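Below is one structure. I have some questions about it.
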Amino acid sequence: MKISARNVLKGKIIDVTKGATTAHVKIEIGGRIIVTSSITNAAVDELGLKVGQEAFAIIKASDVMVGVAD
Amino acid sequence: MKISARNVLKGKIIDVTKGATTAHVKIEIGGRIIVTSSITNAAVDELGLKVGQEAFAIIKASDVMVGVAD
Amino acid sequence: MKISARNVLKGKIIDVTKGATTAHVKIEIGGRIIVTSSITNAAVDELGLKVGQEAFAIIKASDVMVGVAD
Amino acid sequence: MKISARNVLKGKIIDVTKGATTAHVKIEIGGRIIVTSSITNAAVDELGLKVGQEAFAIIKASDVMVGVAD
Amino acid sequence: MKISARNVLKGKIIDVTKGATTAHVKIEIGGRIIVTSSITNAAVDELGLKVGQEAFAIIKASDVMVGVAD
Amino acid sequence: MKISARNVLKGKIIDVTKGATTAHVKIEIGGRIIVTSSITNAAVDELGLKVGQEAFAIIKASDVMVGVAD
């Protein structure tokens, strides 16, 4: 499947932490850049996400803000 | 200001395209990785965003999905 | 690619309207239910979205609210 | 109250699972289509959400992505 | 309709600006606090939004970030 | 840092509740208006958020819906 989201960033999963219903997954993209994702435990289970696996961080453009130094 | 968003990715603006009310800003982070942001024209004007400027792509963890190859 | 988003709803595109930078795409899922999506023009072009095409409406669970009648 | 969200999908609650702070609610719309929502426990309590109840899945158009088969 | 969104802020519309597909609506809540919303033109038309009208700014808790001074 | 988000609402933290992975933070802005935020526990820890502290509720315009009375 191809997706309309403008940001599909390839990387490797470096951490998966499950909570009661919500999990946090960290993906290292481009060497030193780490992206944190908050998804359902159900998604972690269904996709079988684990540390070391290749994965993509997917972000819709309308969910990206821009910051600049003061 | 420090912000709760888990993803604050430093880079350089490589494109700013304004529409009627909504603008698209592209930020190159970490060399070859490009993040596209969709924000209001008003934000572009207020922050004075322009190509070549240092900037951050800011993304809340709950807005990041995870994808894996089939 | 498989995606963590809990909602991947199969349907058919019934309308594509492009604006200056932002497009609206309507997908009919399950017969009479229509889902409206607001995405970038760039995504419409890259995916080659057009009326009559099979497509999926993809929605992260954390972006779904619940309403009940008063 | 009428709301600007373009997607207000009527259905019936088929599952409510509460976590530590975040709950998952599944709504069956249009027969076989199920939409999963991640909301606060507080919202579940305040609205008194329970299985079998009529409810709406409400989604802002800017939170809907589009996918197509490869 | 009652909605699960934790933030339903009552105010008065002080500006409506329509673009090609996307409109910006400003709502003054609590005297001096102004909230800006970006919604579809279709929503503006359907709800008949205009300056001076009473309205609510509705925001899901998972879309609110927290910032603190450095 | 200055941020593109159109809504940066100054207030005071009146409640912090941590769950397994996700925390809820309530900020009182403008006297009687309370905004609820759902963020990661990690963000709460990193920013050292606590009751009584000055803080900002930060919301992207595309995450604000508009409601009107029937």
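When the chains are written out, they are named A, B, C, D, E and F in that same order, and each has its own residue count from 1.
Please note the rule applied: a residue touches a chain if its C-beta (ideal position, glycine included) is under 8 Å from a C-beta of that chain, and two chains touch if they have at least 3 such contacts.
Here the structure is a predicted model, which means the values were calculated and not measured.
The minimal number of chain-to-chain contact steps leading from chain C to chain F is 2. Of all chains, the one whose CA centroid is most distant from that of chain E is A.
Chain B and chain D have Cα centroids lying 29 Å from one another. Chain E has its Cα centroid 23 Å from the Cα centroid of chain C. Here the spacing of chain C and chain D, counted between their Cα centres, is 16 Å. Shared interface positions of chain B, defined as residues touching 2 or more other chains, are 1-6, 19-22, 24, 36-40, 42-43, 47, 49, 56, 58, 60-63, 65-69. Here the touching chains pair up as A-B, A-C, A-D, A-F, B-C, B-E, B-F, C-D, C-E, D-E, D-F, E-F. Partner chain C is touched in their complex by these residues of chain D: 3, 5-9, 13, 24-25, 27, 29-33, 35-39, 43, 47-49, 53-69.
Across the interface of their complex, chain F is touched by residues 17-24, 36, 38, 62-63, 65-70 of chain A.
The touching residues of chain E, counted against chain D in their complex, run 1-6, 37-40, 42-44, 47, 49, 56, 58, 60-62. On the chain F side of its complex with chain A, the touching residues are 1-5, 19-22, 40, 42, 60, 62.
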